[in-house]
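Note that the chains are named A, B and C in the order they appear, and that numbering of residues resets to 1 at the start of each chain.
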Amino acid sequence: MLLLLSVLVLLTQPPTSWGANVTTLPQKPLIENCTLVTCSPLEIGLPDLDGKEGPLGEKEDPDIAALWRQVKALQIAFLQYKKVELFPHGRVVGQKVFKAAGFQKPFQEAQQVCAQAGGQLPSPRSEAENHALQQLVQVEDKGNAFLSMTFSKVEGRFTYPGGESLVYTNWAPWEPNNDGGNEHCVEIFTNGKWNDRPCGDKRLVICEFCALGLGGAAKVQEAGPDPCAANMTRKS
Amino acid sequence: MLLLLSVLVLLTQPPTSWGANVTTLPQKPLIENCTLVTCSPLEIGLPDLDGKEGPLGEKEDPDIAALWRQVKALQIAFLQYKKVELFPHGRVVGQKVFKAAGFQKPFQEAQQVCAQAGGQLPSPRSEAENHALQQLVQVEDKGNAFLSMTFSKVEGRFTYPGGESLVYTNWAPWEPNNDGGNEHCVEIFTNGKWNDRPCGDKRLVICEFCALGLGGAAKVQEAGPDPCAANMTRKS
Amino acid sequence: MLLLLSVLVLLTQPPTSWGANVTTLPQKPLIENCTLVTCSPLEIGLPDLDGKEGPLGEKEDPDIAALWRQVKALQIAFLQYKKVELFPHGRVVGQKVFKAAGFQKPFQEAQQVCAQAGGQLPSPRSEAENHALQQLVQVEDKGNAFLSMTFSKVEGRFTYPGGESLVYTNWAPWEPNNDGGNEHCVEIFTNGKWNDRPCGDKRLVICEFCALGLGGAAKVQEAGPDPCAANMTRKS
């Protein structure tokens, strides 16, 4: 109990900036907890503890029962505000949230905008993710949007930030064609198809945000596998 | 304990799409829990458990006390972000959140936009709800907005989606007048008054989202009583 | 236990308007809890309770363990949606969230817009807060924004709402200069510098929202110290 109180005391020092003076306790991968909380309301499966019989047949501590209610209420309120938040400039697909900025930028600035916000440019890795992006581009009605991927001269092909090979593509017919010899970036059309473009062109900015996104908002997302997918592999 | 662990194991299988592989445990109607959590900060009434005396005079489990703190902190953070989220394109009235899309659509597309977002077109059922909608229409400065209600030839009057009769109206003087013989939809003016319009006209899209909205985002909201009100009646 | 159940019964009466019929239980200042929950995911330090050994070496109640998981999951989901919400029209600095409205108003209307939303005009009290505001003004690309401060004829200087003296300033060279004799309000430039302006001018509306903001949305924020800072002093 002294250990827990000491930790709480350490955690309660007023930080000069967020993150200062915070002790990190070890934690397990938490993908399973994301599953529990992001289901639709009908799938919130919490035992009904109301001071009477619990799921285990025992009398439940009324404080735990009251706490269960508070948590359930928070989950429901949170689910409502998730829907409100995503309307109309966001889409959620599994662990990923795509959100449109409403303005256009050249690729490098677009990349920075997303990084500063704690996200990254979109890396659609499936038909479902690509379709969600397509919907956003249509709704926003501000032209095509940049994706995260760029042409790597070293690899001789398009890759995700960090160099990983593409696991899904949706190039328009005859693309990428490097028209003009300087098309190292990728845009997504309102029909969902991809086309290579010069990175200096201004395109609609959409960012993707992961449930267990890595911290450090003011840097481009770390190299490596898609953070939204990485959490799933960590589970094993 | 084995039952609970088994349920947790079942709940932690990676879903291919959200909602798969989730076991639903029985739950009571939860309106009272929404009440507990959506009050203003001054009304968050949680016992102060800090490892010492609980409200019942007993020594509290320090883990429960720590958990209470986490839940309280989440409630406070959530309340702040609710306010941030609603500014400036949203309004909350009781269980309902109205949010403006910022664009205009004909009625049928507007209906689909709201359904896909997990909400529906607004059904103001009281002066308070109507006033909140009016404020939004004024703030958005994008013309009048569609309401959910339509003229039913069968009933010979305007009804909510699903056919229920209107419980509140705020028609402008001499409206509805079916001007032109094809005014089966309803718009709300910046002064809050209603007028019937052709459904093919483009109007500002505003959607309403309920705390306990039914799932299934990609379908028009089920027929029946207002889901935001239905939760209240379920309580009894 | 009877007391707790009675409170829950009182709290579950259907309110005609939010806040009615709610009993307020006493609560401690909660700044330390905000620290616990608003850190980046890597700083969420909750003991790992999974039905086995707890941090204290004892066997944990499986219901408490399950509840910990739910709370952890909610924290993670909430952190993701915080990032999504703030992109692109918001910035968070410590306890404060700044959010831009996207439209311009004269000072008095801007003040009312923020008050009705449960916030207030921005009072940047540090370089960090001012920098966050500057970023927003740049991103919004809608001209300069009003700050909360006004010239008090009584005091003969600019003050915060309520009369407190400024603790931080960032006036542009030679400002404030009361050009025209009627410059009692303050705007912030895209370079972050301040200038005094007539209050009747229309400027971009940005509001600030505090974690423990006082209730009562439809009134201008109470006089007194910055509510975002007040919570910190209450801690002692």
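By definition in this document, a residue touches a chain if its C-beta (ideal position, glycine included) is under 8 Å from a C-beta of that chain, and two chains touch if they have at least 3 such contacts.
By chain, UniProt protein names: A, B, C = Pulmonary surfactant-associated protein D.
Just so it is clear, the model here is predicted, and its values are computed rather than measured.
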- Message: Chain contact topology under the given definition, line, ring, star, complete or other?
- Response: complete
- Item | chain B against chain A, contact positions shared by both copies (same if over half, else different) | different
- Query: Taking each chain's centre as the mean of its CA atoms, how far is chain A from chain B in angstrom?
  - Reply: 24
- Task: At least two other chains touched by the same residue of chain B: list those residues.
- Result: 1, 4, 8, 32, 35-36, 38, 46-47, 56, 61-64, 66-67, 69, 71, 74, 78, 81, 85-86
- Task: Within their complex, state which residues of chain B touch chain C.
- Result: 1, 4-5, 8, 31-32, 35-36, 38-48, 50, 55-56, 61-64, 66-67, 69-74, 76-78, 80-81, 83-88, 94, 128, 139, 141, 232, 235
- For chain A, which residues count as touching chain C in their complex? 1, 3-4, 7-8, 11-15, 17-19, 22-28, 30, 32-34, 36-38, 46-47, 49, 51, 54, 56, 60, 62-64, 66-69, 71, 74-75, 78, 81-82, 85-86, 90, 97, 99, 101-103, 113, 117-119, 205, 207, 209-216
